[in-house]
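Starting off with a structure, shown below.
As written, the chains take the letters A, B and C, and residue 1 is the first residue of each chain.
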Amino acid sequence: MIGLIKKDLLIIKSNLKQYIVICLLVFFLSLNGNDFAYFLPVFLSMSIYISTFSYDNLSNFDSYAISLPVKRKNIVKAKYLGSLLMFVLGCLFTLGYAFILSLFRDINFIEILITVYGGFIGIIVLEAILYPLIFKFGIEKGRVFLFVIIAFIGAIFGIALEIGDLTIFSKILNNKIFIILINLFIIGLFLLSYYIARRIILKKDY
Amino acid sequence: MRIVISNSSKVPIYEQIKKEIIRGIGNKELNEGDALPSIRVLAKDIRISVMTIKKAYDELEKEGYIVTQAGKGSFVAPQNIELLREQKQREIEKYMDNIIEIAKQYNISKREILDLMEFMYGSD
Amino acid sequence: MEIEIKDLEKSYDNFSLKIPELKIPKGMIVGLIGENGAGKTTLIKCLLNIITNYKGIIKIEGKTKEEIDFNDIGVVLDNMFYPDVLKVKDLVTIMTSIYNNFSKEVFYQYLEKFNLPKDKQIKTLSKGMKKKLELASALAHKPKLLILDEATSGLDPVVRREVLDIFLEFMQQEDHTILISTHITSELERIADKIIFMNEGRIILNEEGDTLIEDYGVIRCGEKEYKMIDKEDIIRCYKNKYDYEILVKDKNRLENKYKDMVIDKISLDELMVLMIKGE
């Protein structure tokens, strides 16, 4: 299974230059005071990992992998663990870059942490919903699902902002029990997604 | 040693292998006690299936040309070279019978046959 | 490593694979031939558990599909490999972690032998070079069983000869087995210990290689002679404009029976055509 994660990392490495360019771009943009940039590395880590599904599919590696001495469940495990790894790297990158930015101007680290945490929740939920869909229906349809899910979430937030009362969020964020519950829920969702994906792959014909 | 197999010949491949080995024994390229290449190695070297070679070796053993020792391989058996030569001479006699029959049928003289033989055998 | 198949069935909308029984003993080179769509790839996918929802039992070295150790199986498949953005040398990193017995040295030896560049991405390789890389990857982890689906297609004859020699070298070990499915029957004819012939999802012929070459034959004759041949002796028959081609077995016996007729040796290609087109 580690071999498969290495494979994904090597795929990512092959596109490294592009990613670095994007990150640098984002960095320079945010020098002007655009804080949206904090979201990006974290978000990028997700889209990077999803791209490995595409590369696998192009070479039919998903079929080839079955002929390797790797259990089917570990093929799934590699993707989930690899995604987490990539997310952690994304966070480190964000923190590092925020630190560098703080040398140029004032940075509110608490705000960054909250943003990253928000990204964490968003991405974990997204991947938890998306990955089983990709495993079941393939990456082509998966991209469509990705779009739909994002649009859906966006719509919900949009509506919430319209009719909702933003003070609810501050109340939620100050309630420690609620935060713990949310974390547990997220972790549970991720694990559930892993088990579903595992079951899908165990039975799949390529 | 020389083993040459022809794909287009009507003679089955295992027979050809046999013949080549027997020839090798006959003209002293292979001597009593010499080790034959193992079946698998020979299969690789002349690019023929293992089973074909095994068939050739089995028959060679049955006919007394080679002996196989389990775990050690196949070796040229003590040959009665004289016996072999006699066998081959009898074969030649049969061919000669054919030649003479055809010659007589088509009125080709003995002189012509002998001249042809001179020409074709070349110098001794 | 031996392969045992029993009652294998897999159905699709317009195709079904049905193999009641098949045994591939170890120590053999087995050729799997047939037209495109005959079921060769389906069979191989079932063997490798790439297709896992099939009826029947497949055992490799006595182990069922959940227990098979793929460390011992080397695979070259049609159009399936590592993502081609990876570089050749990346495969070393990956395969070291995947296989128990992966040998970097052996892999590099093959790279050198095949003239494959270490630092290039797989996608920059020509079709033939990619196949050579797949072969190197399959061999570098010291398998006992090689399963090859069209492993030599796209390779020029010189390379094919090199690859053939590599297979023969692989077979020097008595417990090694090769199953190779291919269109290119010319090399298979002499070195295959067994030939399995598939058509429309069924095995229509399963013979030892030299039986096919020595025992099987073709009688080419006209209408008159055709009528003189026992129907029992005819395996397949194909009618051309001016002659009949008749596939027969047991050449020696029939040569004595039909003394005036010429029975030719048959090539695998001709065999394939007659088995499929004849009746």
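Definition applied: a contact is a pair of C-beta atoms (placed from the backbone, for glycine too) under 8 Å apart; a residue touches a chain by one contact, two chains touch by 3 or more.
Small disclaimer: the values here were computed from a predicted structure and weren't measured.
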{"item": "Chain nearest the overall C-alpha centroid of the shown protein atoms", "value": "C"}
{"item": "Pair joined by the larger number of C-beta contacts - A-C, B-C", "value": "A-C"}
{"item": "Between chain A and chain B, centroid-to-centroid distance (C-alpha), Å", "value": "75"}
{"item": "Distance between the centres, which are taken as Cα means, of chain C and chain A, whole angstrom", "value": "44"}
{"item": "Centroid spacing, where centroids are CA-atom means, of chain B and chain C in whole angstrom", "value": "33"}
{"item": "Multi-partner residues of chain C (each touching 2 or more other chains)", "value": "none"}
{"item": "Of chain C, residues touching chain B in the complex", "value": "27-29, 164-165, 168-169, 171-172, 174, 187, 190-193, 208-210, 213-214, 265"}
{"item": "Touch list for chain B against partner chain C, complex", "value": "7, 10, 12-14, 40-41, 43-44, 47-52, 55"}
{"item": "Chain A residues touching chain C - in the complex, by the definition given at the top", "value": "2-4, 6-7, 10-11, 14-15, 52, 55-56, 58-61, 63-64, 66-70, 203-206"}
{"item": "Interfacial residue positions of chain C with respect to chain A in the complex", "value": "45, 48-53, 69-71, 73, 75, 77, 79-87, 90, 93-100, 121, 147"}
